[in-house]
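Following this line, the structures themselves.
Common to both upcoming complexes is subunit A, partnered first by subunit B, then by subunit C.
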Partner chain A sequence: MTNLSILKRHLLGCVLTVAFMAMLPLFITQRYFLGEIILFMIWASVAIQWNVLLGHAGVFSLGQMLFFAIGAYAVGMLGVHLDWSPWFSMPVGAVVAALAALVIGLACLRLKTAYVALLTFAIVFMVDSLIRTEVECFTTVGGRCLPFFGGGQGFFGFDDLGFRSMLKGKWIVGNYYVVLGAFAFSLVASILVIHGRLGLAFRALGDSQIYAAARGLNRTRFHIIAFVITAFFTGLTGAVYAAHFRFAGPSLFEFSNLVFILAMIVVGGLKSTWGPVFGAVLMMILVEFAKGWGDIQNTLIGVVLIIFVLLLPRGLAGATATLRSKLMTDSGTQDNLHAARADPRGAEQ
Partner chain B sequence: MPKNSPHLVMFSKHISGGEEMDAILQIMITGLTLGSMYALASVGLALTFGTMGMFNMAHGLFMTIGAYGSYAAAELWGFPLPLALLVGLLAGGIVGAAMHIAIVSHMLHREDFTTTIMVATAGVAILLQDLILKQFGAYPFKQPVQVEGLMLIGNTAITYQSIAIVLFAGILIGTLGWLLTKTRFGLAIRATAMNQDAAKLMGVKTELTYLQVLVIAGVMAAAAGILISSLASLSPGMGANPLIRAFVICVVAGLGSVTGAGFTAISLGLMEAAIGYYFGVRYGFPVMLGLVIIVLIFRPAGLFGKQGVVRA
Partner chain C sequence: MSKQSSNLNASRREFIKRAGLGTVGGAAALGGIAAPAAAQNAEPVVVGGPAPLTGAIAADGIEFKQGMEMAAEEINEVGGILGRPIQLAFADSESGGDDKVTSAGQRLIDRDGASVLISGYNLGSGTALQNVAADASVIYLHADTNRAHTEMVSTDPERYWQSFMYCPSELYYGFAYLDFIKTLADSGQFVGSNKKIALVTGPIPYSINIANSIRDEAAKYGFEISLYETVEAPTSDWGPTLAKIREDEPGYIVITHFFPGDQAQFMKQFLTNPTNSLVYLQYGASLAAFRDIAQEAANDVLYATNIGVLSGEIGSDFASRYLAKFGDKASPNGGAQTYEALHMYAQAAAIAGGVGEAYDDVQNKRIADVLRKMIYRGPTGAIRFDQKPQQAFSFPVQTNDPSLGMAHIFSQIETYEENGKIISPPPYNVIDFRKPHWISE
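Presenting the complex of A and B:
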């Protein structure tokens, strides 16, 4: 199996997934369900990007929600302060998120894993508290004092994507396809990174850092590249989030959001390609059911996260791979087993 | 989270005339009080990282649990003050032990322990925080375990609470220092931190050492939580603010350096108090974090860390 065919296989899977998602609004008409699928695509996209960073590049960033929020705030701030349409502010948000990642990456990514995690976490916390404690009014909107960065309440009620006037009652279908577009971008980008030359560099650095360095691979440089790319798509997703919900506020920084997305990655399988997507599906369904059992969402997320880390550290992707290799041993095809072991990407479906 | 940050409350309690001497005294008092609380919050974190290479995202929840333990003992069960304090410390220790037995001990031998343990403890953090929220509600309580009254030096008011905090933190950290440097128990911990295989070969039960370390970290964090909540208030999310500061302190000191964490905590406390006094409380932490990042650009292993070990 050549590298190219693996890449093509994943891209084909990508096309099929997006085509499937694109057909869903033909069968599902309830606004609530479409809204839930939109939310799924948004969180899945964030999880996909974080998995590229955490699972493949080996950058333990806890700052993903910052980039998400930068995208969202770009849409919110440009929408409220300058009356920009989200169509123009969304790309701006993604670019600003990538630039922020470049600055933070240059400052932090030379350090070791644990330091990177702590610093990115601290930076998010700092931005969060600076936004929340801002009191000076920049403008007044509808009699409400609005600080430049929106203060504790954030921005809401700015211009939407324009589908409400265009499609009337079915506006959410328009939003659905915009979010699907961002999701598709994010998915394709992640596959190109994981199975392209960048992913090869990440694997080399992960296998033996010293040998990789001896062959001229600069760890910090690749980490910064990964950080900036994933921040761009995370920011884009955040911008789409803000355009859909017409909201951007400091509640995005809450720890529970971060852990929710982390749970998606861990449940699906860290270091896999498709794991975060399946993890996102499962976590969304779990949370949906949990709504019927009372307000236990965070308890449940915590329990699921702990159980998976303890018992299934490679997530569902890893579990199915183990299962498959066991089945292969039973049928006695020793060659296949070797192939599955030798090719780490066998663990990914 | 301004409601829960202790320094906000401290400033509103203390702010007085604009005299230069008063200002310096004011900053010293606030800084020392903050610093000793930060030191308590960060030594446990530094100790766990130093001995087992574990970064405990649930450390902030140890603080919250200590604070709520004391609160429950004093307010709900009517225990006297010293006993309530003890209950809080005990609660922290128990949670530390429970976490070790249920989770950490099963993961110690994993290849990617550093990252997976962060994920697992993040799960513990959100779980415990939600349970506390369910049990006590989101309404911020006043911590009953504290001393009332104040004295005046010149124009500056010093609350007995501040003095009690510095004394209590000093005693606890002093005891920990004595334990680590003067006893066989501490020797075992330090040996494990230096080289766990060698320690094992010399007959140190490293598994037990890890348990003890997490209990100590739990007790220290609980103490920090009780003290912090006596200045601000109790809320399920109260651990986040001091946890971040403890993170930053450990990073500046060099991960795993316990003594370094103590010194850094006091100096960062004083610095934050000074910045807060002159530029506004809002900028205390951001300026501190900015300086920290600049320090790390020139000394990637932290101020007290060993060069070369940390930079991968």
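Presenting the complex of A and C:
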């Protein structure tokens, strides 16, 4: 199977997935369910990008929620301070997130593995603390002090996407398709990166950095490229989040969000293409069923993480591939098995 | 007390209990009209409670749930709302941001079929549930104590006609505190070792807004801010903050960060080497969780709330029944909030001719109209809505008449085994202020 055909198959899968998602509002009218699917698409998009960075590019960054927050804050700040429509501020949010990633990447990505994780996490923590502890009033809105970065309260009440006035009671359907657009954009981009020339470079660097360097591949440069690209789409997702909820605040930095998305990647399968999407589906369903169980919900997420790390370290995607391999062995298709082993990307198709 | 007056008090208590809160006409509105209506529609009315049942403020969330359970039980005992029994549904907002709060509210409406949303308070911006309620045309009653509500409802009444904050906003806390310590000094009850105030806030807007209002007004009352510190939430290590306080000893310490566990830790660590400072803790110390964790360190602490159970028959009766039902570790101050909100809603719906389902803006607007006109006396005071922002008036800040506003009460904990007792304002004060035991001068 050629690389081109793998790419095409993934893109076809993407088209089918998006088409399926696009049809859901025809059958699901309940606002709550549509809201939960919107949340799924948002978190899945973040997980997809983080998987590209962590799983494929090998950058152990814990800064993804910072880029998500930058996108969201861009929409919030431009909406509140300058009265911008989210339609204009959403792309700005994505670009600002990418620029921030470039600056942070230049500072962090000369380091390796755990040091990158520590430094990126420290930056997130620092930004979070600075925002939360900001108490000086930049302006006063209705007697309420509003710091430049929103302080502990964040930004809210800015213009929505305009669907409330256009679609009245069905406004959420309009928001749904906007979020779906961002999700599709993020998914297509991840497929093009993973199965394109960049993905090839990531695999080469992952196999042997010395050999890759000898062939002219600069690790830092490629890591920064991955950092910037994934930050762009993560920032775009954050911007869409803010436009949907009409809110951007420091709760976005909470550690529980980070763990939840990491769980999606681990459960779905790190280094796969579709794993984060499957992981997001499973985790959202799990959390939905666990609602009302109180703190057991968080324990459940932890238990699921442990189970997958110990028993299914390659996640759902890996388990599917293993199952497929066994079936292929049973049917005697040894050639296909070799192909699947030789190219892990093929194993999850 | 004579036997006759004792019987009179007993019968009044019984009346209060049966009326579901001391509101004249309450029982009639619910039970009396209920009989003929019962035959028409006996479908349960689903009341949704989006509450922080887990996470940092779960101690309050559990009280909010219990308060609603107690109210629902009482309302159902007298026939429900026009014959329709109340069925409660809760969704956990996980002490989270707007996404969690929105999801909880929407879930209650769409999954559980809630006709109304009632909460104490949730975290986040304090505007998420107003939007959920506006989009679904359901009545939403909350005690977020958040200026954002005031601004939002005042500026867009057409969209937010259904959202009511049944307590005043947090902005009054600032000058009420300054006025309180100035009165203590002027009356000779307590004169601080100096005029310095060490101000410590948390990251939640409620805490910041209160701290800022104290900071901005302090000079007008003759005080100066010697320390303005922001701590993370939750915070258990108060060492760095205490080091700053001890370095420049203030006459007054104000902690507006309101998590009860964090405040308890502050008091424990403060008392290892206390300064001669009057300690005021915002809201959190009013909860049993604070006293439970702080133990002896809770003694003599001052706190304020504008939605706390008052002294007198209605408040005392509620508190004793609440504690009898949920145990000594329960906090009537927390439970009273949703308890009275549900009673108030039930009466308003009954007077308006019935409950409006979600997306039924005609009937829900009728209920909103009744709520705007009502004066409701609950365990925490008289709820009367300022018409434009649809938030409760504050006594004595906005009105001098205690029967027309929610009392902004200052309390002091005499012993950690009991709830704090009100020291201000009259007529609700039951004890005099006493100098905290750690102050030597």
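Here is the rule we use: the second predicted complex is superposed on the first by the 346 of 349 C-alpha atoms of A that agree within 3 Å, B and C clash if a C-alpha of one lies under 4 Å from a C-alpha of the other, contacts with A are read in each partner's own complex, and residues count from 1 in each chain.
Convention: contacts are C-beta pairs under 8 Å (C-beta built on N, C-alpha and C of every residue); 3 or more make two chains touch, one makes a residue touch a chain.
Keep in mind that this is a model prediction, so the values were computed, not measured.
Undergrad: Once both complexes are superposed via subunit A, do subunit B and subunit C end up clashing or fitting?
TA: clash
Undergrad: On the A-aligned overlay, A:262 touches which partner chain: subunit B = first, subunit C = second, or both, or neither?
TA: A:262 contacts subunit B only, not subunit C.
Undergrad: Applying the touch criterion given at the start, work out whether A:197 contacts subunit B, subunit C, both or neither, answering first, second, both or neither.
TA: Neither partner.
Undergrad: Is A:215 contacted by the first partner subunit B, the second partner subunit C, both or neither?
TA: neither
Undergrad: Considering only touches as defined above, state whether A:313 meets subunit B (first), subunit C (second), both or neither.
TA: First partner only, subunit B.
Undergrad: Taking the superposition on A as described, I'd like to know which of subunit B and subunit C A:299 touches: first, second, both or neither.
TA: first
Undergrad: Return first, second, both or neither, reflecting whether A:133 touches subunit B, subunit C, both chains, or no partner chain.
TA: In the superposed model, A:133 contacts both subunit B and subunit C.
Undergrad: Which partner does A:291 contact after superposing on A: first (subunit B), second (subunit C), both, neither?
TA: After superposing on A, A:291 lies in contact with subunit C but is clear of subunit B.
Undergrad: Go through subunit A and flag every residue that touches subunit B in one model and subunit C in the other.
TA: 129, 132-133, 256, 295, 298
Undergrad: Touching subunit B in the complex: which residues of subunit A?
TA: Per the stated touch rule, the residues are 54, 60, 107-108, 110-115, 117-119, 121-123, 125-126, 129-130, 132-133, 209, 219, 255-256, 258-259, 262-263, 266, 295-296, 298-299, 301-306, 309-310, 313.
Undergrad: Under the touch definition given earlier, write down the residues of subunit A that touch subunit C in their complex.
TA: Listed in rising order, the residues of subunit A that touch subunit C are 30-33, 35-36, 39, 129, 132-133, 135, 137, 141-145, 151-154, 156-157, 164, 169, 171, 241, 245-247, 249-252, 254, 256, 291-292, 294-295, 297-298.
Undergrad: List the residues on subunit B that touch subunit A in their complex, please.
TA: On the subunit B side, the touching residues are 1-2, 49, 55, 103, 106-107, 110, 114-116, 118-120, 122-131, 134, 240, 244, 247-248, 250-251, 255, 282, 285-286, 289, 292-293, 296-297, 300, 310-312.
Undergrad: Enumerate the contact residues on subunit C facing subunit A in the complex.
TA: Result: residues 53-54, 90-92, 96-99, 102-103, 106-107, 109-111, 123-128, 131, 135-136, 147-148, 150-152, 154-155, 171, 201-205, 207-209, 211-212, 228, 230, 232, 359 of subunit C touch subunit A.
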